[in-house]
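Supplied in structure tokens, the structure appears directly below.
For reference, chains read A, B, C and D in written order, and residue numbers begin at 1 within each chain.
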Amino acid sequence: MGIVMGPNQYGKAEVRIVAVNRDTQRHNIKDLNVSTSLRGDFRSAHLTGDNANVLPTDTQKNTVYAFAKEAPIGEIEDFALRLGRHFVATQEPVTGARILIDEYSWQRIPVGGTGHDHSFSRASDEKRTTAVTIDGDRAHVVSGLKDLVVLKSTGSEFWGYPKDRYTTLAETDDRILATAVTARWRYLRTDVDWGKSFESIRATMLEAFASTHSLALQQSLYEMGKAVLAKHPEVAEVRLSLPNKHHFLVDLSYCGLENNNEVFFAADRPYGLIEGVITRDDVEEAPQAWYSLPEF
Amino acid sequence: MGIVMGPNQYGKAEVRIVAVNRDTQRHNIKDLNVSTSLRGDFRSAHLTGDNANVLPTDTQKNTVYAFAKEAPIGEIEDFALRLGRHFVATQEPVTGARILIDEYSWQRIPVGGTGHDHSFSRASDEKRTTAVTIDGDRAHVVSGLKDLVVLKSTGSEFWGYPKDRYTTLAETDDRILATAVTARWRYLRTDVDWGKSFESIRATMLEAFASTHSLALQQSLYEMGKAVLAKHPEVAEVRLSLPNKHHFLVDLSYCGLENNNEVFFAADRPYGLIEGVITRDDVEEAPQAWYSLPEF
Amino acid sequence: MGIVMGPNQYGKAEVRIVAVNRDTQRHNIKDLNVSTSLRGDFRSAHLTGDNANVLPTDTQKNTVYAFAKEAPIGEIEDFALRLGRHFVATQEPVTGARILIDEYSWQRIPVGGTGHDHSFSRASDEKRTTAVTIDGDRAHVVSGLKDLVVLKSTGSEFWGYPKDRYTTLAETDDRILATAVTARWRYLRTDVDWGKSFESIRATMLEAFASTHSLALQQSLYEMGKAVLAKHPEVAEVRLSLPNKHHFLVDLSYCGLENNNEVFFAADRPYGLIEGVITRDDVEEAPQAWYSLPEF
Amino acid sequence: MGIVMGPNQYGKAEVRIVAVNRDTQRHNIKDLNVSTSLRGDFRSAHLTGDNANVLPTDTQKNTVYAFAKEAPIGEIEDFALRLGRHFVATQEPVTGARILIDEYSWQRIPVGGTGHDHSFSRASDEKRTTAVTIDGDRAHVVSGLKDLVVLKSTGSEFWGYPKDRYTTLAETDDRILATAVTARWRYLRTDVDWGKSFESIRATMLEAFASTHSLALQQSLYEMGKAVLAKHPEVAEVRLSLPNKHHFLVDLSYCGLENNNEVFFAADRPYGLIEGVITRDDVEEAPQAWYSLPEF
């Protein structure tokens, strides 16, 4: 019997970068949160503190900033691929990398009816995300979004479920359905028009959420994933993590008022949590692409 | 010498309410966070635990929900005025009230090019706010907004400041200026078209921020407040609290790259904090309206 | 009628500093979050962007770090007084300052039964605080603590309150009482043994909370403040802000179980909020000492 | 080619429960955050919204509360095992479950030198955790802790690392090493004295962190895991996720001061992130036990 060092990775998390494109007086900005992790032969660092194989996380951070200047950042997927491949190509002991990027969105401030050249306001709390995995010569791209909060004020039911001695919930044919979407989808290729694909997938999921008359949040989840796969041959699978943000109808009978699904208490905790994978049945699985991502 | 109970208030904080207007199939929603506090004669509760004068915070919460049903919520200022006046009018020992409301904004999800009837997405993290103070027969309305994050990628300088032995900052004639606006403004009347006034004040502040070539965040602050007062006779004074969200130019000389105000590190802490009041010189002060609000 | 610049202040917020005392091999550490604000004649910065009077917030930050090295930090009250007086003494246009400090506490990691010389673990989320105000020659010290979470599993009642048409709460003679204490107290002098005074005030408040059979959270608040004033002649007044962190008894009748105050749901929002001042009746008020602190 | 529903789970997240043991006048409290997830045959819910197999998350929550009353909660591992096995045993379509529990710790408030019978204060922000997986007849227990913040003020070096064109970091033989420990360890059995094992593992990791003269955070990570495995035959493997909470030495040369590792800036972002598994080389792997846990 022996004690051994198993899988491991290390890197710099949450490198906050804002890049300004000043090619013309009409600036564009990119606002990113970049995390890099390296995988490879780091046994000596663990066993004896020998850092000969350990490219410092500080250097990883410097690399992120330099890469943002050496060429335009472009789409986050391309930026992550460039970064990951660089570390694997230039550091002998590094055989793999995981690059995570969140992108914040900004819009131009309107002045006199048109958007200002160099003044912006944050658009929303939603982030576009990517998780790129480099494994030797292979590259996996899993993109997504998070903190997209949506709500249906009707068009949602919940009934027909099993009852046991702990059941108190009443069945309903009309409730509020609200969630904060975390979605990730795995691409089958790396030569994708990332920005166009993202915008279309996002719109497709929103439209599916809105249009589905929902008998269960599970059903909405499936419809959202299915719609993406139906429309996007470049996507192998979609994973969704949907908290059921409960809105409880307030019982106003205490003061003689009827509450016809009009006044709700928006609860914080506990919340339902519905998670699942919608996938094609003819694609190869890629557990490496998903390894250690927090979603189910 | 004696020990005495001084000023005090109590209430229910952060009552989360979502109200659906179902008058037509095209729903509208109001999403609020309401806090109520009562002021008056609560000596006995403090000295002996006698609650004869203490309307429970649970009842205050129930009142918020009932009021949302008894009549349309309307603008948050009107809802807060109704709530505050109710407590003072109906509870003998209650002589004053402070009602705080934050409003979250939602937009319709586009489906087939038009906004859906009953499906919404959260618009941004920005909140519209009001702080209404009832003091006997008087009512003060201080409205505002918070978490409005804005950024100028150029058009900001900082130089000409005093130097001492602790100075290291270099002067600059081009930097990123970014802040998260918290603004509050005090109304001179209560018969205002609140929604219209809010939209115009918000647009005016944004436009002033964008248009001001800034030599100091203090200058931007003043221009934002001044523009509001110039355009809105119903407003007595504006208070702004502006964190200077530093974006530091990354020195890329380590790899021989020049960084012409293109790549920035967005720092979390510490941050500058610029706070001030812009006011008319001929209005009566109203310290009661501002008492215990966290801004300067 | 004119638009004018009113009261204002500016500074550097949340300067995070860890100072190690290495006088012996048995190290001591101080972990602080320091915010500085200057008050004085900054009209030109606001009106025209002239920064001749504006000591940069970056320099304020540098001063904090240098002061931590030039002499031992000592108690946070003394460190804040030194910083505040320095800015007023050395910058002509600066006539006042507000220095806020939060202190995090650490304990030694036990190794072989004794505390390690230079290895520490964070003690709790509670912070010791001070808010020092320099106003020309005068200095006010308001110290306190925050995020001290306490709970009584019995010894708390709530009944005898007024009922109206919105009342649903049942009276109770046994409930959980829980709160997160934010306390601030104003000192009458600046030649206090700050550390000793803090420890005694903290212990006194905790003991009063524990020992009071509570008929209202208001009563606990008053007893906590009164106990401090009775024991500490150096303190003029105590301000407490106590969220009532509700623990609701779970109705287990759905499965035939009786719940004798044993199983509770710990709710997040809404929460009660009880705030008040306990003061001596023969001390001069000092509104400047409290100005713009967020507590009631 | 077809689109199919892949792996999925659903449940109730963050059920906050405080249970009071009132067997004697000297109360004990348990403060937990419980999340339940069920796995099994939920195809119909996804495909058609048929909930015949879906035990509501509301019922799962009710079950948690009822179980806390039907028998003493005991150790969190036993409570999680009871809950998970109950769902699998009583719901035909449910073939597996994941139960996550965080436990908050409290200490008695000292009154007159001894701990009070029923008054408590929150001990620290650290949580004890468990993640129990039921997979048919099998049960996996992965316990741990999180938010344990530790710091060494000396006894940490970092040098000997590779340099490239992006390197700027200087080597050092004396730095602050600080991290917030998230640890999880997998048990080989379910008949463990959980409380005793937890206390010993926690003390062992702390002692290893303190005692290791660290040449790399990787080395500290390995020593912490190795010490646990050496002492605890009931543990198969340990996973650690250690953010490197950077404390940067402040360069005080601007005012002519030398800074001998005394004054540091505690940075928020970015931070290093070191993650790894320390394992026995003769145990069977159990990917199911770890599936979808957020740590590497």
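Keep this in mind: a residue touches a chain if its C-beta (ideal position, glycine included) is under 8 Å from a C-beta of that chain, and two chains touch if they have at least 3 such contacts.
Remember, predicted model here, so these are calculated numbers, not experimental data.
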Furthest chain, CA centroid comparison against subunit D: B
Shared interface numbering between subunit D and subunit C [over half = same, under half = different]: same
Averaged-CA centre spacing for the pair subunit D and subunit B, given as whole angstrom: 38
Distance between chain centroids, defined by C-alpha means - subunit A, subunit B (Å): 30
Overlap residues in subunit C, where contacts from two or more other chains coincide: 16, 62, 66, 166-168, 254-255, 268-269
Subunit A to subunit D touching residues, read off their complex: 1-16, 35, 37, 42, 45-59, 61-63, 66, 90-91, 157-164, 166-169, 214-216, 218-219, 221-222, 225-226, 229-230, 237, 243-244, 269-282, 292, 294-296
Subunit A contact footprint on subunit C (complex, rising order): 165-168, 254-256, 268-269
Residues of subunit B touching subunit A in the complex: 16-22, 27, 29, 31, 62, 65-66, 68-70, 106, 109-112, 116, 118-125, 148-155, 176, 203, 206-207, 209-211, 247, 250, 252, 254-255, 257, 259-268
